[in-house]
Structure formats: structure tokens, C-alpha cells
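As C-alpha cells, here come the structures.
Note that subunit A is present in both complexes that follow, paired respectively with subunit B and with subunit C.
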Partner chain A sequence: MLEIKDLKTNFNTYDGVVKALDGVNLKIKDGEIFGLVGETGSGKSVTCYSALRLLPKTGEIVGGSIVLNGEDITNVSEKRLREIRGGEIGIIFQDPLSALNPVMTVNEQIGEILVLHQNEEINDLASEKKIPAYKSEKWKASPGVEFTIMAFCMSFISLFVMLGQWRFSLPFLFVIVSMLFRNYLQGNNSASALDLLVIDALSRVKLPNPEQIASSYPHELSGGMQQRVMIAMALAGKAKMLIADEPTTALDVTIQAQILQLIKDIQKEENMSVLLITHDLGVVAETCERVAVMYKGKIVEEASVDEIFTNPKNEYTKGLLNAIPKGGKERLKVPNLKEVEAS
Partner chain B sequence: MLGVTLITFYLSYAMGDPLAAYVTERTTEEQYEMLAEKHGVNEPIYVQYFTYLKAVITLDWGYSEVLNQDVSEALKYRFAATLELSILAFIVAVATAIPLGIFSSIRQNRWEDHTIRFFALAGSAIPIFWFALFLQYFSSVTLDRLMPELNWPISLRYDPILWEITDPIEMSTNFLLIDAIAAGSWIHFKDALQHMILPATVLAYSSMATIIRLMRGNMLDVLGQDYIRTAKSKGLSESQVTYNHGAPNAMIPTVTLLGMGFAGLINGSVLTETIFTWPGLGAWAITAMRSLDVSAILAYTLFSAFLYIIANLIVDILYAFLDPRVELSGHSSVAEILVVSLSILLLILTYFSIDLAVLSGTATLVALIVFSSYSMGRRFLKNPADTWLIFLFGGTLFVVWSILGGFFIKISLISLILYLGYLAYYLDDLKASLEPKFDEFKRTIYQIRKNPLTLLGLFLVLSLISIALFAPWLAPPSENQRDPMKMEEHFQFNFDPQPPCYYSCTADAGEENGYILGSTDRGYDIYYGIIWGSRTSLDVAVKVVFTGTFIAVAIGAVSGYYGGRVDDIVMRITDVFIAIPGLVLALAIIAVTEDSSIEMLMYALIIVGWPGFTRIIRAEALRIRKLPYIEAAKASGASDFRIIFKHVIPNCITSVIVIATMDMGGIVLSLAALGFLGFGGGPDLAEWGKLVSFGQDDILLGYWWGFFFPGLAIALWALGFYLLGDGIRDILDPKQRN
Partner chain C sequence: MRAILTIKNLRKHFPVKNAWGTDVALVKALDGVDLKIEAGKTFGIVGESGCGKTTLMRTLLRLIEPTSGSVVISEEIIGDKVSSNNLEELTSQELRKFRRQIGVVFQDPMGALNPRMIIKDIVSEPLVIHGKTDNMRNRVIELLNNVGLGEEHLYRYPHEFSGGQRQRIVIARALALDPKILVLDEPTSALDVSVQAQILNLLNDLQKKYNLTYIFISHDLSVIEYMCDRLAVMYLGRVVEEANTEELFSNPQHPYTKALLSATPSFDKNKEKIMILGDVPSPITYLDESKAKLATEMTEQEKLEIKSIEGKGIEYIVRSSLNEVFPLVRISGEHYARKVK
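Right, the complex of A and B next:
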């Protein structure tokens, strides 16, 4: 499914170049849950951002290649990349509240990705059920944008009127009038195909009462619900692969278990590949089939979950496993990083 | 909650105002007798206040002697004129500034960004009156030469011949554009618009500058948020991400400041209207101020406060509309409800019976004073550690007094020497602690070198300050001059302004043999004025900014940190000051004291400037108060005193430095505006704004140098400090480092 070969990513900072990824090799097969573990700053998140080219401006991929289903996507065009983002690879982030846009409803945010990647389905459903494909919301930009458009039209009208060419101001006048009377012009406020698909996407992540959730804003939902909305959004484009960047870190333990179970269930139903990034070895043991351990921008060990836990080969992995708190009176063993590096 | 604060504020505002107006009256003898009878000045002051309150409620706003008209009548017409102009300017400003700000943020640190930022900073640095004069000169002289048939209007609202004699139409709304449309007359519409364009451009440019900078900053903040990354990961294109996800979020904080922006427009209209002889409120206020027309001044201040309230109301509604997280029906505390119901009760009482209102008002006031002194006293008794607050304010007062008294320099020099001695004693410790600071310093230098605009600002500031320092060498005063700060007049009736001779002047500093940058019609040498004027500017700016900073940091930090009742009171007080346009307030202070010496200007600028400054510091302190490390400090048992000095103030210091730097420019702009209006510390003191006003008279004759060069000096000064302040903010903000 996704193969990362010798990926190198640098960050250009004032203090010089930071090599965040220093030759990462990964191979995620179809329909498996692959875990990527490592300590903070080891380059887990950078790996997944590099794969989708979502790096901040200072980051830069300097070497290696990313292959998705046999297609090298390291240097593909911006247009193809946008098809891949959301359409073929979905991604969920750590903190769902800050990852959801606070001024858009859930409906709008999920609808956006459906319009981008599931346009045919929307139209099919619309013609099948004989309902409009989009509701009037499609023509409704966010309030700020509408305000700007209005102000612009007004100033253009006054400009042309001032110049004595009032005919040129007619199109702007038309825009303003149609914006004002938009709702009356469009009429028909029954549920559109897009709405139905959004509700469908929300019920797939087992959210109760999806109609109500669709019309609410992110801050009105609880943390677990927000993360479910995030997952629904990542899956709405019918992506065959899901990258989950520490999806449970910001949640409390019971919700964590629910979200992980949800990811597992969906993965089974749809036979997806999942790249699960975490620093929690417990999460890995519970969900993953294969695991890679990252340290200082490199993969130090890659094996099946059983093997990692029973027979770790690398010194760092051993140290990591020893650092798991155990019951009883045994002292906590923290890996000695100097020894690890020497080996 | 909104209505609550507004009404209390309105009341407290009205309370302060009539007193000032009556004090004005005391200054002129012959009017005094007449007005004393009319207004009942002989009555105790609080009775006057209630009489006044009743007059306001019943819309009896007095009679303006300047206009020979009832104030309410005049207001109707003039308000329409100002509002029409401001609304047009506001629409133009918002519609251009927001897209520009967004564009600048996407192209961060590229040449497009630098150009837009420069454009924006220039907008706030260029004095309004200079820009207006420039446009006037351009359209009346240059454009007239190129296209004489155009005959572009540069003053008044409409062509009186057309509107009053040849083809009069009904002016029912007093909004000329609407009236023209109602009458269906294209010629009238075109004429009114033509008259509006120049003043509207002037007004729009200055407020546009602020909006661009705000929008850019907010966009940069928003574009770094997580949800932008989410939007990108959905497969949205760059422009979709920016306009659908970035812009709406960035609009929210921008809109909250648009209300202030509109109030600023009303403020700016004072100067614009004066120059373009636009018959609006601003021009009227200036005329009233010059002739001490009480009713008019009163009505104007009341009215602009009213406008400020309305603008804030609209912004609050818009805010709730833009941000789903905010709901209009906010919570309001019991105390606020109490205050408002009391004020409404008082208003109703005033309407029916003044005596009763006076009685109950006095009773309330006494009760309030007793209650607050009781609670304060209890607080200090219960918590003796809090007594330092008194010392803080005392110390601030001392510092402010020393700055104004002129011996601040001595005190600071002595403490500097003491500090140096202390450092020398602990030299080793100093070296050790400087190690990381040196790294920081290198980083700063690197950042400055990377940012060409900051470099330019630094260069401008340094060169202007050195001009001020080396003034005696650059423009040596002649032997018979008593005070080098005073310009020499040419004692000759009907002296023609002399054109600049630049390098070909024969004498050193001008005089009879030629003027390097020309002269005014009274023979003032503009070159000399500019060089020595920089001393005036530096002197005033430094003193005002230092004093303002001390007051603001002391009051702002305490009120922000404690919050609650202290904060409420401080905020209401600043509200009162901010609601009155700064320029008008300064003029009123000067008019009341009848003293336009440079010291009085300084006091006026401090009084006008501190509320805005305090508010920023207070907001900063409020933000810091909620941060986890303050909780941690509290948990580890630190006293309030320690927290404020060790945590709150050092963390505010970034914004203090930035605002102080910016204000060094802003104060000079206000000083120049006052000078331009004729309050420039005596007729012959070297002051830039006054030189511009001298140049204004000859503008239509084509004598451009009179207003151009002094205005340029003001603009460069303000631009230098603004650029530097902006650059410092970028450097000191840890978020911008990468």
C-alpha cells in the first residue's frame, strides 16, 4: 500500500539544519494496522506529514521516495496530491478540538471533503432519490467571506458610478441582490444528498444522533465525539488508508479504548491500512499487527508485535520495553541512551 | 452586559464633561455673567450636573453662538455630513484592507509582503493633514495644469452654485448622495461624489493601514493553527484553505477592532474636515474650540461618545454572528445590574424633579464612597501584605512627577551609576549570566539583518535623533537670537515665501542670502525649523512616552492581575477617555487652561494617551494571569507583589517596548496635529506641525515647499518609529522564530 524508502527530511532553523528524518524505510501492506512508536522528537509525526507533504514552511524533503500503490508520489503535482489527500489517504490528528475549524459546523466540514472526493456519489444519490444534490449552503460562503464580497461589490459599484459608467456596476449589483435573496431564489429546504451522506459518514463512526451532531459546532461536542467526527471526516473521502497521528493522546482512558476499538472495527469492515503513530506501547500491543520503532529520525527495528514484545533485537527497543512500568516492587529501568547509541 | 457597561459609562462620561465646559466659561469675563444666570453656575456643582442631565434627556442641547443656530438643529445637518463621509471612507478602507492583509500574510516575508507592510505603515505614519494638503495641492495645481477642463473640487460638500442657485433639489435626508438619487439627478450625484472623493481617500488611507496590519497578523496566527493542517489534509487547494478556513477565523479578532477603527475615523475627520472645509462635526468642533462655544463643544463630545457606543454595539452583534463560540446574551454580574438600575432610576428622577434627583444622587455617591473605603480598609487590614499597592502607585507618581519636573534625567543617571558599580562588583557573575544573553543578542542581530524594513526604521530613527543632537552644528542660530528653539521672523509686511535653493545657497544657514528649503510667508526658515523642531519632537515624545508607560504599567498590571472590581473601575474610566476623540480632548484641555505652551501640550497628550496604553497592558496582564506558570507561582506560595513584579511585568515587557516605540511616533503625530491646528507652543517655537500650517495658506499659489518639507519630517519620524516597533515585535515574539 504505502512504501517509504530512505526518506530524509530537514528543518531549516536559525541554529542550522535539523535532520528530522535520516533515512526512514517503512512498508505498510494492504489491510494491516501498522504501529510506529518512538519517544517524543524521534520523527514519528514528521514521517506522516512528509508522506502527505504537510510539513511547515521550514521543513523540506531532501531525499528518498514515497510510493503509494506503486505510484511515486514524492514529487507529484499539487493537483494529484490534493486528490490523494483525503481521497486515498485520510489523516487524523492528536488534539481534535484544535484540529477542527471552530467557525464551521460539522456538516460543513465533512461536506467539504465529500464535495471534493465523492462528487459522483452525491450526484448518483441525488438522481436516485430525486432530491437536490446540494442544499443552499453550497452557495453560502462563511460569513467573513460573504462580508468581504459584499463590501467589494459595493465599492466597485460606487467606483463605476463615480466614473460615470454605471452600466458596469450592474453585475455587482446583481451579485448583491442575488446574495440577499438567495434563500428565496433557491427555495426547497429539504435534506440534500450531501446532507444524507454526511449523516451516513457520522453514523459509520457510531455517533449517536448524527443529525443533531451534523448541525453543531466543534466546541459543542465532547472530546470523544470530536475525535469520532475527525475520523468520520478522514474516512468520508473513501480513503483506503488512514494515518492516525497519536489519536488518543488528548483523550482520557475510557474514551481512548473506545476510539481504538472504533479504528479497529472500521479497519476490519473496510479492509483498510492504518498507520498508527503513538508513544504508548500498550496501544500498540492492543491494536497493531506489525510495529516499527523509531529513534533519532531512523527506524531502529521493525517486526511483528509478538516478536517485538517477546524478542526485541535492538538495544533501544529493549530499553523502551524495560521502561514500561510493571506491577510489583521491581524498579523502573530507564534505557541508557549512551549505551544504545554506542551499540 | 453590553448595555450595562455602556449606560454606566455614558453616565460617568456625562458627569465629567459639563464641568469642563463650565470651567471654560469662567475664563471669559463678559460671557460669564450672562451664562452664569442662564446655566445656574452659582449653584453647587452637583445641582448643575443634574440640570444638565435633564437638558440632555429633553434634547435641549443649547444654542451655538458661532453658528447662530440651535445645537440640535446644527447637529442634524452636520452629523449627516460627517457620517456620509465616514461611511464611504470606512467601506473603501475595509474592502481594500482585508484582501490586502490576507494576501500579505500568504506571501509572508516575500517582497509582496514587505511592500504591503510598508504601504500600511506609511498610512499610519503619514500625518493626515499632510496627506490631505498633498492631495489638495495635487488636484488643484498639478491636475489643473494637465487637465484644466476637469476642475476637480477641493473643498466643501457640494457646488453651491449648482445646488442652491441653478438647480436646487430637496435635501430631505441631508445625505447628499441619497438626496441626489431620490431626486433622480445624475449631475447632483456626480458633483457630491466628486466632492467626497478626496476627503474620503484621506480618511480611508489612515484607517486602512491599521486594518491591513491587524488582518495580516491575525491571518499569520490562524494559518499556524491545527485546523488549517486538517483542511490541507482533506485535499483542499491553497486558496480554498485560505479563504474558507483561514479568513473567517482571522476576521473574528479583526472585527472587534473595526468598531474602534470607526471611532478613529470620526476622530480623523476632525483634521480632514478642517482642511477640506467639509461642513461636518469635526470642523465644527474645531471652530467651537477656537471660539470657546460651550454648547457646541459639549454637544460634539456627547455625540462622538454616543457614536462610539453605537459602533461598539454593532461590533458586538457582528462578533456574535461571526464566532459561534460567543453568545449575545452574556452573563452580567449582580453589581453591574445594580449600577444600571440605579442609573436608570436616577435618570427618571431627574426628568421629574431635579431636587429629588440631587438628593438621591448625593446619597448614592456618599454611600458608594463609604462602602469602597470600608472595603479597601478591610482589605488592607486583613491582608497587610497588600499595602505595597499604595507604594506602587506612590512610586509611579514620584517617577511621573520627576519626569515632568525635569529632574528624572538626574535620578536615572545616579541610579545608572549605582547599577554600573554594582555590576562591576559582581563582574564574574555578570559574565556567566551574559553567556546566553549574548547568543540571544546574536540572534537578534541576525533577525534585524534579515528584515530590510526594520533596518530602514533603525536608520531613520538614528538619523533623526542625531539631527536633534547636532542641531547647533547643522543649523547654527544667528548671533542676535535669544533662544535657539525660537525661529527668527522676517519683519517685513507681505513677505513672499521664498523658494528653496538647495545646494546653491550662498550663506550657511539661509537668512537673506537664500533658504535651503525655502521659507514661509513670515520669513521663517523651513530648514532651521525642521532641524530645531526635531528637538521639540524628541523632547515631547520621550517625556510623554516615559510618563505614559509608567502610569500604564502600574495601573494596567494591577488592574489586569487583580481583575474584579478594581478592573471594572479602571476600565470604565478608560472608556470615558477613549470615547472622546483624542484630538478633541487634547484641544479641550488646552482651551480650558488657555495655555498652549509646550508643557501644556505635553500634559494634554499624556492625559489623552494613557488610557489606550493602560488598556493594552491590562489585556496583557489579564492574559498572563491565566497562564499555568502563574498558578504554579501561586501554588508555591509567592505573594501577589512578587508575582506582579517577577512574572506579570517582565512578561508584558515585550509589548511595552513595542507600544512605547510605536508611541514615540504616534505622539509626534498628535503633537504635529495640535501644532497644525494652531496650538504649537507659541507662534515662533520650532515645531513641525505649525510649519505645515504656515505652508497651508499658500498652497493654491503653488508654493509647495511650505507644507511639504515639515510634513515629510513628521512622516519620516513616525515611519521610522513604526517600522522599528513592528520589527521589534517580530523579533521579540518567540512564535516568529524558526
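Right, the complex of A and C next:
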């Protein structure tokens, strides 16, 4: 599905070049959940941003290639990249509240993805059900502007009435009446094809009352619901691959269990590939099939989940596993990084 | 058992006002908490966000005043020359004396350190405030040595340190006045596992060296299991279960505790899983009696989630079933839990 070969990413800073990725090799097969573990600064997130070419201006890919379904996307055009992002690879970020736009409703945000990637489906559904594809934009100004227009019209009406020329006030009366009955005049308040698809996307992530949630703003939802909306957005473009960058770090353990269960269910239903980036080895043990451990921009060990927890080969992996408190009261072993680097 | 702090039926209700400024509802952040904190041991408080852990910590420090209930302080902290051993009735002079005995470590070290102050000033600030300025430089160096930092760090700014080192500085400052109690509010949740291991080892060493009492607040159960001698599980402002750590981990009684223990990701694939379904209910209680009680029937979301996991062999409990309040009963010895039908 996604293959990353010898990827090298550098960041140019005033203090010199930071080699964030130093030859990363990854292969994610169709329909598997792949875990990428590492500590802060090990390059896990940079790997996923490099794969989608979402690096900031200071970062650049200096070597290696990224192959998606046999297509080399290392140097493809921005136009093709826009199709890939959301259309072929969906992404979930760590903090749902900062990833969602606070001034757009859920409906608008998911609708945006659908318009970009699912335009044909929207039109198909519209012609099939004989409903409009999109809701027509209503003429609507801010309340202040509307009030000013109303006040002007009223003053003109009273002026003409006082002058005895009431016939001249008729056009202004017409403006006021049409503003008051705007909703009826524009008509068509039924759901459009886009709305139906948004509601469909929300019910896929098991949100109750999708109609109500579609019309709410992100801050009105709880953390778990926000993360569900993020997952719905990532899946809306019918992506076959999902990159989840620390999807549960901001959530409580009980909600985390729900979200991980949801990701597992959806992965199974749609036979998707999932790249799960996390620093929590427990999360990896519960969800993933294969796992790679990153340290200082390199992958130090890659194995199946069972093997890495029962029989870790690399010194760093061993150190990480030993540092986690597991019952017992004996002193925790801190990984000795000098030894790790020597080996 | 020598209780250093005794919390009796502590309540903290925050009023919710409408547009005219009249109270319409209460957020019951703490709703009758009884705890005894033993000297020289580590007492853990676990619970999800919004369950009242932090409010409890703040009322213990008297950063906020409780609505009712009391915190009784033992004589060894505050001496016997005080007007009252109740935290709420201390005079401001006595409160200062009490605060000298209790240190705090917050979750985010960068937020707790002033970015414009050098480490020497940060660590010596409590000494200056409490007037212990003799030989201050040596005292600061001693404190830094205690937490594994040295003299060479005295004139640096917080941003020059890594996350783990910053947390060490916060701990050094908390220990500046030789406190008897250290309140640790999620001290390692912003840190990586290897750094977390260093900090936990450091805390254990310090506890042995100075015979400190820790109040350890966390949501990470593996850390709690490692650090604590005794543990209280909180849910919606109430303690639902309290026991010694080993007893609680081996024999959880309350359904919420069971679900919480099983929800922690672990390497053991055969571990029994109990999902907890639904969203956290709002802790708001309306004064209007018709809306006052939390609904105990299932919500739409819970029904949906039950449908999606049915037939997969996963055990579950629903949150709405936890809304009814039962009294705390003794299970055995020092183990208390709220029994649910």
C-alpha cells in the first residue's frame, strides 16, 4: 500500500541542519494496522508529514522515495497531492479541538472534504433522489447590515408618506417585506445530497443524532465526540489508508479504549491500512499487528507485535520496555542511551 | 495509622448563573469526599478528566474555599500552638506556616516556571518569601544536587532545559522549605517513558531520604500502581473506591474501577476487557427539581455503541448506570467501595 524507502528529511535552522529523518524504511501492507512508536523528537510525526508532503517551509525531503500503490509520490505535482490528501490517505491529528475549525459547523467541515473528493457521488445521489446537490447559498448579511437597510427603508417610507407621495414608498415596502419573508421566498429547506452524505459519514463513526451533531460547532462536542468527527472527516473522502498521529493522547483511558475500538472496527469493515503513530507501547500492543520503533530519525527495530514484546532484539527497545512500570515495586531501569548508541 | 491530613465530607459546588446572575444550577466538583492521608506514604488519586481530582488538590492547599466539610491537619505539621487544626479556620499567619509544609508539583513544568527568571531565582523564591535568606546560595545548590542538577545550571533560563530537567527544577523548588507533604498533580504525564522512569525513581529516592508524604494525582494507572501505597478512585466528584494498591488492583469491586483497570492498554492480550460505553455525563445539577437527577436510563449513544459491539464477546458497562449514588461500604479491612446492584 504505502512504501517509504530510505527517506531522509532535513530541517534547515539558524543553528545548522537537523537531520530529522535519516534513512527510514517502512512498508505498510493492504489491510493492516501498523504501529510507529518512539519518544518525543524521534521523527515519528515527521515521517507522516513527509509521506503527505506536509512539511513546513524549513523542512525538505533530501533523499529516498514514497510509493503509494505503485505510484511514486515523492515529486508529484501539487494538484495530484491535493487528490491524495484526503482522497487516498486520510489523517487524524492528536488534538481534535485545534484540528477542527472553531467557526465552521461540523456539517460545513465534512462537506468541504466531500465536495473536493466525492463530487460525483453527490451528483449521483442528487439525480437519483431528485434533490438538489448543494443547498443554495441564501442571501444573508450580518444582523447589523440588515438592521441598517431596514432603518433606511423605514425612513424613506415615512418621508414619502409625510410628503403625501405614498406611491414612491412602495419599492421600499417591497424590500422590507421580502427581507422578512426571505426564507419562504427562497424556499427549499429540505436536505441536499451533500447533507445526506455528511450525516451518513457521521453515522459511520457511531455518533448519535448525526443531524444534530452536523449542525453544531466543535466546542459544543465532548473530546471523544470531536475525535469521532475527525475520524469521520478522514474517512469521508473514501481513503483506503488512514494515518493516525497520536489519536488518543489527549483523551482519557476509557474514551481512548472506545476510539481505538472504533478504529479497529472501521479498519476491519473497510479493509483499510492504518498507520498508527504513538508513544504509548500499550496502545500498540492492543491495536497493531506490526510495529516499528524509531530512535533519532532511524527505525531501530521492526517486528510483529507479539515478537517485540516477548523478544525485543534492539537495546533501545529493551530499554523502553523496561522503563514502563509494570506492577512490582523494584527500581525502574532507565535506558542508558550511550550503551544504545554503541550497540 | 498516623493520619497527617484528614478530609471530612468535603464538598465544593460551583454555581452556574444565568444571564440575570441568579443561580440556576450547581457543578458538584466535590460531593462528600472522606479521605485519610497517612504520614510517610504515597496516596494516589485516580479518575478521568472532570472527576474532581484537581479541585480536591486545590481545596487541600486552600487555594479555593470548600462549600462545606473540613480538612483536619495533624499536629506534626502545624504544631500545637494554633487556634484550630481545621484548615478552614487558620489565620493568615498560620496558613503561611501550613503552606511551608506542603509543596506542589504541577503537570506542565514549562507553565510552572517563569520563562524570564533564572534557575537560581526560581528555586530561591520560596526561601525569600518565607524569610530564610541566610546562606541561600548554598541551599539552592544543595536542592539542585538533590534532584540531580548542579551548580552549573544556576544561571540558566527554563527554556535551556529538557522536559525532564524542568520537572526536576519544579521538584527542587517544591522541596525548598523542607515540606512534609508533596502534592504531585500528574507530574509525569507530559514526559516520555524513559524520562518518566527517571523522575519516578527520583521521587522514590527523595521520599526515603526526607520521609515525605506524597499525594499523587494521575490518570496513568501503571504509574499509580508503581508509586502508591493507597489509592482512591474518583468518579463525578465522589470517591467510588478506596483501598491499598495491591488490594485494589487484584480485587476491584466497583464497576467503574473494573472498567478503568481493564481500559489501560497493556501487553497482556488475554486480559479481560470491559468497555465503558457512552460519554462522561455533565456534572451540572439543576436547582429546578424536575431536572435535578441525572438520568439513569440509557442514552442514544450508549444504545448505538452496544449495538456495534454486541456479539463480539466484549463485556461492557454503560455510564448511565453509574449515575445513581450508593453509599460507601467496607468490603474488607481497609477496602471501601460503593456497591452497585
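Just so we're on the same page, the second predicted complex is superposed on the first by the 292 of 343 C-alpha atoms of A that agree within 3 Å, B and C clash if a C-alpha of one lies under 4 Å from a C-alpha of the other, contacts with A are read in each partner's own complex, and residues count from 1 in each chain.
Simple rule for what comes next: contacts are C-beta pairs under 8 Å (C-beta built on N, C-alpha and C of every residue); 3 or more make two chains touch, one makes a residue touch a chain.
Note that the structure is a prediction, hence the values are computed from the model and not measured.
When the shared chain is aligned, subunit C comes close enough to touch A:I324, but subunit B does not.
Judged by the touch definition given at the top, the superposed model places A:L173 against neither subunit B nor subunit C. Looking at the shared chain after the overlay, A:T13 reaches subunit B, while subunit C stays out of its contact range. When the shared chain is aligned, subunit C comes close enough to touch A:V253, but subunit B does not. In the superposition on chain A, contact of A:A99 is made with subunit B only, not with subunit C. When the two complexes are overlaid on their common chain A, residue A:L116 makes contact with subunit B while staying clear of subunit C.
In the overlay built on the shared chain, the residue A:I131 is in contact with neither subunit B nor subunit C. Touching subunit A in their complex are the following residues of subunit B: 88, 91-92, 94-96, 98-99, 189-190, 193-194, 197, 225-227, 229-238, 243-245, 247-252, 321-325, 443, 446, 737-738. Residues 39-40, 206-209, 222-225, 252-258, 260-261, 265, 279-283, 285-286, 309, 319-320, 323-329, 331-335 of subunit A are the ones touching subunit C in the complex. Listed in rising order, the residues of subunit A touching subunit B in the complex are 13-14, 52, 54, 56-58, 78, 82-87, 90-91, 93, 95, 98-105, 112-113, 116-117, 141-145, 147-148, 151-152, 154-155, 158, 161-162, 164, 217, 219, 230, 233-234, 237.
Residues of subunit C touching subunit A in their complex: 48-49, 163, 192-194, 196-198, 200-201, 204, 219, 221-223, 225-227, 249, 259-260, 263-267, 269, 273, 275-277, 279-280, 299-301, 303-305, 308-309, 314.
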